[in-house]
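Dumping the structure here so I can ask a few things about it.
Just so it is clear, A, B, C and D label the chains in written order, and each chain counts residues from 1 on its own.
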């Protein structure tokens, strides 16, 4: 090797290493300052508080869910703090933006775990976030508690991972069974091209075919699209007995329902969750009249009603009552665990596995050995005269 | 424990600096306005994951295959767009990244579509596996240092001077008997190769990939890195990667309401980009004006 | 004959930029192509170097048909040219320009890298200085092209055309827009090049300029050779005078 | 019946694309750079209507009027603040394109800070029952969108071809250098193109807000489809870009009829890529100044 090459190589290598070291020092200094001398007042103020991390999308397409998660979590934490906190210590929520993707979620998790030293992370929201955080939180024995992720992959992602949202495996087969029981043989599925909805679609299709039905149309639309007319036309052309409307969120579901009816498709349609959002009903109006959907069962309990009232008063119309309820419950479940175990996560983990009949605002439930909810927590509802009624 | 967080950030910086320097090789040193660079990153990530996970290829082989396959896509892109120039080239490459994005999203049998691919293994070499982030950081630093050194040598070689010449005057260089199309192809293939291996590093670090990591907003992120650092400046790209990755992380420590935090971060990117474009077209370390 | 051009024809819509243009270039001589503006002189150079594709006709260099070759292959096979609007690489230095022109296998990336890493790169500085001395460009080697004056750019453009391995040198209006002093210098450079055994073809619209310089003159009008011969013969050719006065 | 509905669907979505594409092409044809932030002008207008009408309770038509003025103003400001300095420095259109992307992100996130990330709706006309036209079902709002687009198409055509200002704009579009010689003030033409283009975006924003809904990030999605339509027609010509948008609408809807529907966006992107490669100036443009050599 000649001298010139050597010089070049070491120049580049040396510079990169040098810059890295300098940057490390600077960041360390800043971090040190901020934690000990208090660049950010909050750190000092709540020195004795119990920190809870929250990872949820605060920007991007899914931000409206993230905001709902944050609001609902804050309501619960404020309630607990105003009643004196947990064992005399206040709860401090540190929300981080996971942007519904793996990279930002891992950055957020690394920050929460290593800088804020949280032992409990609420989140992620999108399954993609949760799946990306799991390999980081699990080895450090951090509790990861999702209230919104439904991917079946999360069930076996780790021992310290819990959720109080139904998995797609829980409810998509129920949907297929329900439709079969109602005597529907030919179904049209319209799905939004997102991780959640596509996961549901795959499970649903398998189950429905197993039960002897046929899929006459299987349409997909991309996230954020607002024009479904040709997909609907293909649905119409398949001449189904029933339509399974399978969107990611309330707004696209409502738009889809609206366009279905606008185009004169009067086939009954079934769906899940999104119709619990008042926004969906407001948007779609008469288009969702008579629609049947699977939803979380008991948000009409007193506690649930009160929560939704409070949420409406303080934060506005919720995107989904289900999300609000699950998030609210999540904080209280953690509160119970903290009261018993303080911040010993192994104790918390074991405690959470023992929970069997927790009475939350979304119902009474516990956790299975894989950290999922043990109760399939759903009931059929129908929109009648613009409000939903429970069918049993 | 601060170290662990810093290690995480440094791993990201290492990966993105390879991505930025490789973009700069095409954009700055060769003058190829490639807005499809993020697609190369994505192709590399998916290739590496599919080869290790579905086909059981050892990591290092998959890592190289990721680079090579991406490089083939680089050639396809440069061949397809060989007659375009200026903003039409920029648009066509942007169109290319959209096409690749739809492919990742819709070719579900291979990419699992929007569900993404979870549970990606950490790299192993002959039975020795990377067990923690510190080791991964060392691995990333070695790979980045080698990659950047190679690109540095290329840029400063007589070949690199030809690339600079084709950026400045393509016809003039052809009149000197140089096949500028081949030069551009090679430049973009090298650029794509390193973007591809950066993608592989990214996928095996995050352990979960889905198409959303390779979208339009990410194109703008790496463009910002290169432009802030300075056209045709490797040093600039590296420093700028630090700034652009770390500044938003520092924001996490300020008491900004979280509903504002996310947009604020994007606004900072956009403002930095506009300020540089408007008032300092050379970027921080560049010698060449953006034109 | 070193370069034979036969029946080159190029139409732009209804305009004949080149119309069955035929000429032969003799080796080791200075050949001038003159004609009024718009007579197709630069188009002829562009056609020879394949910057434009002709409709018909043949170009033969040293007995080899180069009509259908790529522009860079034509350049490689031995044609060097300058441009009326100089084409330089503004972010490269004088030295880098000449190095690019002198090297022949710098496009081969792996070879370049191997050379860079294991073998000391060939030092061209001596050769570069020689060429710069020949054209009289007296600026530090590390000067960027963008920092040169118009005249210096003309000289650098000439220098890289000379540096590039070639058998024939095409100069497109070498003195257009330069001051009288530099004009004299360039004339001297061209003469010096001839004495070194170079074959030179130059384009010029000013008839008087080529009289003392060229060995042979071709006169172009509307893309067609209307006269050729020694300068003294051309000077008195009636058609040529008509063309110039009419044009 | 199906065919009629497919055609209707194509025309409806084509009209929405055309509304976005027309302004984009108008700015491009006079200024020769890609004003991607045009997308966010559409979103901005929708939100301004939301602010005026739904929050402040101003009369709907007055709100629309104010929205259009604000849209024109924002377009003009963005030209003067961002683009003009760059043009003065003789930056290439690639730099202007990058600047426009910066502007797009800046404005989009500003909207997000002010209005929040959730979806806003303006339910001024309520939910309308579809009307059956030759077997295709179309709602009154959609008919309004189609009619307004067509009126704009015709209006713009006459404006560009018959009025003096329009002819000057076309002259600038054809040859910027020449017009400065003939005494046309380039700056005022550029100002005007941004104002008119942004008012067009304003009209698009209002109609889309009523027909669909508002999200801060909607601008990006719209501009991608809008410029795809413009590229197909011709980015240099307003009527061309409008026709191109309809072609895109037809291609997407007819394509999806035969292909799995998840490929709807892919069809648009592949069309965009193919057109840029093989016919970069679109079906109605001349190939000039696009390719090397």
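Everything below uses one rule, namely that a contact is a pair of C-beta atoms (placed from the backbone, for glycine too) under 8 Å apart; a residue touches a chain by one contact, two chains touch by 3 or more.
This structure is a prediction, so every number in the text was calculated from the model and none was measured.
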Partner chains that subunit B and subunit D have in common: A
Central chain of the complex, centres being mean CA coordinates: B
Comparison of B-C and A-B by number of C-beta pairs in contact, larger one: A-B
Most distant chain from subunit D by Cα centroid: C
Separation of subunit A from subunit C, taking each centre as the mean of its C-alpha atoms, in whole Å: 70
Rounded Å distance, subunit C centre to subunit D centre (Cα mean): 49
Euclidean distance of C-alpha centroids - subunit B vs subunit C, Å: 42
Separation of subunit A from subunit B, taking each centre as the mean of its C-alpha atoms, in whole Å: 30
Multi-partner residues of subunit B (each touching 2 or more other chains): 105-106, 113, 153, 171, 259, 262-263, 266
Junction residues of subunit D - those touching two or more other chains: 109, 112, 116-117, 260, 262, 265, 293
Per-residue overlap in subunit A, given as positions that touch at least 2 other chains: 5, 58-60, 63, 67, 193, 222
In the complex, subunit C residues that touch subunit B: 49, 51, 70-73, 75-76, 80-81, 83, 87-92, 96, 99-101, 103-104, 106-109, 112-113, 116-117, 121, 160, 164
In the complex with subunit A, residue positions of subunit B that touch it: 1-6, 8-10, 12-13, 17, 105-106, 108, 113-116, 118-119, 141, 144-145, 148-149, 152-153, 156, 202, 206-210, 212-213, 234-235, 238-239, 242, 246, 249-250, 252-255, 258-259, 261-263, 265-266
Subunit A residues touching subunit D - in the complex, by the definition given at the top: 58-61, 63-64, 66-67, 193, 218-222, 224-227, 229-231, 233-234, 236-237, 251, 255, 258, 262-264, 279, 282-287, 319
Subunit B to subunit C touching residues, read off their complex: 153-154, 157-159, 161-162, 164-165, 167-169, 171-180, 182-183, 186, 190, 232, 287-288
Sites on subunit D touched by subunit A in the complex: 2, 5-6, 8-9, 12-13, 16, 109, 112, 116-119, 121, 123, 126-130, 132, 137, 139, 212-213, 215, 217-218, 221, 252-253, 256-257, 260-262, 264-265
